[in-house]
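Read from first to last, the chains carry the letters A, B, C and D; within each, the first residue is number 1.
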Amino acid sequence: MKQFQAIRQAAYEANMQLPALGLVLFTFGNVSAADRAAGVFAIKPSGVPYSNLSPDAMVVVDFNGKVVDGTLRPSSDTLTHAVLYKHWENIGGIVHTHSTYATAWAQSQRDIPIYGTTHADHNTIDIPCATPMSDDLIAGNYEYQTGFQIMKALSDRSLTYEEIEMILVGNHAPFTWAATPAKAVYNSAVLEEIAKMAYLTEAINLQAPRLKDALIRKHYERKHGPDSYYGQ
Amino acid sequence: MKQFQAIRQAAYEANMQLPALGLVLFTFGNVSAADRAAGVFAIKPSGVPYSNLSPDAMVVVDFNGKVVDGTLRPSSDTLTHAVLYKHWENIGGIVHTHSTYATAWAQSQRDIPIYGTTHADHNTIDIPCATPMSDDLIAGNYEYQTGFQIMKALSDRSLTYEEIEMILVGNHAPFTWAATPAKAVYNSAVLEEIAKMAYLTEAINLQAPRLKDALIRKHYERKHGPDSYYGQ
Amino acid sequence: MKQFQAIRQAAYEANMQLPALGLVLFTFGNVSAADRAAGVFAIKPSGVPYSNLSPDAMVVVDFNGKVVDGTLRPSSDTLTHAVLYKHWENIGGIVHTHSTYATAWAQSQRDIPIYGTTHADHNTIDIPCATPMSDDLIAGNYEYQTGFQIMKALSDRSLTYEEIEMILVGNHAPFTWAATPAKAVYNSAVLEEIAKMAYLTEAINLQAPRLKDALIRKHYERKHGPDSYYGQ
Amino acid sequence: MKQFQAIRQAAYEANMQLPALGLVLFTFGNVSAADRAAGVFAIKPSGVPYSNLSPDAMVVVDFNGKVVDGTLRPSSDTLTHAVLYKHWENIGGIVHTHSTYATAWAQSQRDIPIYGTTHADHNTIDIPCATPMSDDLIAGNYEYQTGFQIMKALSDRSLTYEEIEMILVGNHAPFTWAATPAKAVYNSAVLEEIAKMAYLTEAINLQAPRLKDALIRKHYERKHGPDSYYGQ
């Protein structure tokens, strides 16, 4: 039996959710699934159409980005995944897409304001948009630096990766993460919907107010707080 | 045979219409179906994906929000449904969604102006957007208060729940209701379409006039008046 | 064999194209098919869901709006169809929808400017938006008057129904027509696409110029002129 | 066996991708596939619905636009394809669509600014919008001149057809090309997505900055440069 079958399967299934949820055109996205005990993650091979994927096609890579198992070349964004897994001990899945509305916000270089409870059900703050990195870093180990760009955007806002599981990389596109790859994909779909709603909200009322703190706290707490009462 | 089979079946079928009509992402919505004689309603269980639902999974609750039958936890919005059923004697179904365009209007905290006959075929007035509730109410029994927030928005406008079967809860999302759960789902789909058309109307002509009274009356009356001639 | 089988079948098939092309929500649209020799047309029954339609369900009506054959009540817009068939001798099909973008333009009470060749492939002029009718006409025989409202909008612009096969009824929604019901449905889909493109064109460039005359003529002539070379 | 089977098959398959990718309404688009050795290309017949196409229905034409094989009339845009094949020696496929967002930019007569890495993954420059041609050229051999209009727009910007594989024809709609018809279809879908993202980017932030040079170079090089590391 092929090694790392569990994360290959998890990464495969999560990757296949991206086209099913309308989050990717062609190969513009990738999901990885980590095996914390083994210190590796399985990730989509680079440039392979989703219809040609299989668990065996996934590439297994360690947290330094070295291929451990697999015959194909891993996603060109592999080093970004590796950096985040290495520094964030409690995540088990990462997603990168170029979903339309989230990418438009990233290109606009604006944080997505928290305008309603759909947003507050998932986050208590605006979705951060990381500042584009400096030219010398871009010319260097770009994908590796993208990981640090994401971490810096959080630390600049005094946020931990456990408080917010999604970000926009300025001029580029969104990344999301979570304890599992399936949950990270869920976060990508939620982000896309929040991005679309926020765009429409401003189009309908340019003076739309941010959600007030009491509603932010209430909606977040009822889903995620110690006394949460959402779900089974 | 399982108790309350009729409302379980009706609630199940109406809930399944939400993803079919494109009104929900993941579990962001719920429908309930009331049995007036028994003084209870069946509602979607909290956080359960639509693809996993069945009539038996529905939770039966009384009009005070107490679970009467069922093993799962009911929707986190159950108390809002309970309050409305308790106060509005002639409704048999309630729907809550976060449908994209209606939610964007709710986040914008604007009533949806009546711009055309598609709107007038269903309502003679602007769709109300209820003002967000005060912080102390939010911190209290939030979902229970949401029911009163909706009723207050109607009474502030001297409207009855029979004159208008849809509302936006400011910063949150829409609720609709009707004599049956199927009709309440229909109202949610109509509201989403009206919300999208109104957004586009203002984008095309910022000075677009409200529909004049003669057209409002004519279109509403031909569908709902004493001499209506629409339908079979 | 049921009478008027050919127009029943044609009307049925054309009506079923409306949901297939995404032009209607629920029952918000209708198509009719005329039999010129018999002086009648078959039209969708009022308020019946598309999924329940059949050729036999169509209602056959004469050009004065009197039901000639069929057990169901005809579309509430039947008198508008009747008036147009009576006055326009060369049309064989009429469509009414509330398609989203065309309806938004109608609600905006603006003609759709001719911005590109997609428009010019089908019309040489802006799509007219008929002025809402006066209150006394609305209170009278409304659907009958809608037919005259459409004809007046054309004559005000010195247009014949053969030069343009589509119109927006101000505050209401579009009507289209053609030699056959299938072609009239085609016109409705084209109108919706033109309406969406024109909306986006203005959003991208508020100063976007109208298409110049040479391009209007060229594109229209190559499809519809005496020396047309489009199609087989 | 029918002549030119390979390009008939390639053109057929590429044409069928247009409706599958949501790039055409009805017959508003066409793809051709060239056989460089034979000096001919296979192209969609004019005005034939996609559902009725087959490899045998394709029309084979030489680089002067003369039909070489096939019983149907070729696309009305055939001469544009012929001119481009004649002048651009290294392309094997051309696509023309009226896809919604790209056409809206063409109607707006604006180049599409490079706002993000989705764009830079495919091009290092703004997508050119060719100026509408002069009235005398329109009145002359219009489709033939459209080929020269496209080539002029590139030479005005000192671009070769190998540096950019997509263009907007002002007031009209997009054309794309590539070494193969499948890749040219890919380019059409990418262009439509870039066009939609750029529209949304400006709507979200009217002051959105163009992508900076370091990111343009990095993203383009990692996919297309001598040291590219995208794909297998």
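Note that in this section a residue touches a chain if its C-beta (ideal position, glycine included) is under 8 Å from a C-beta of that chain, and two chains touch if they have at least 3 such contacts.
A quick map from chain label to UniProt name: A, B, C, D = L-ribulose-5-phosphate 4-epimerase.
All of these numbers come straight from a predicted model, not from anything done at the bench.
Between subunit A and subunit D, the least number of touch steps comes to 1. The chain with its Cα centroid farthest from the Cα centroid of subunit C is A. By the residue-number overlap criterion, the interface of subunit C with subunit D counts as different, with under half of its numbers used by both chains. With each centre defined as the average position of its C-alpha atoms, the distance from subunit B to subunit D rounds to 46 Å.
The mean-CA centres of subunit B and subunit C are about 33 angstrom from one another, to the nearest whole unit. The set of subunit D residues touching two or more other chains comprises 203. Under the contact rule stated at the top, the pairs of chains that touch are A-B, A-D, B-C, C-D.
Taken in their complex, subunit D has these residues touching subunit C: 25-26, 28, 45-48, 72-73, 76, 98, 100-101, 103-110, 132, 135, 138-139, 142, 171-173, 199, 202-203.
Interface residues of subunit D facing subunit A in the complex, by the touch rule stated above, are 115-118, 186, 189-190, 193, 196-198, 200-201, 203-205, 208-209, 211-215, 218, 222-223, 229-232.
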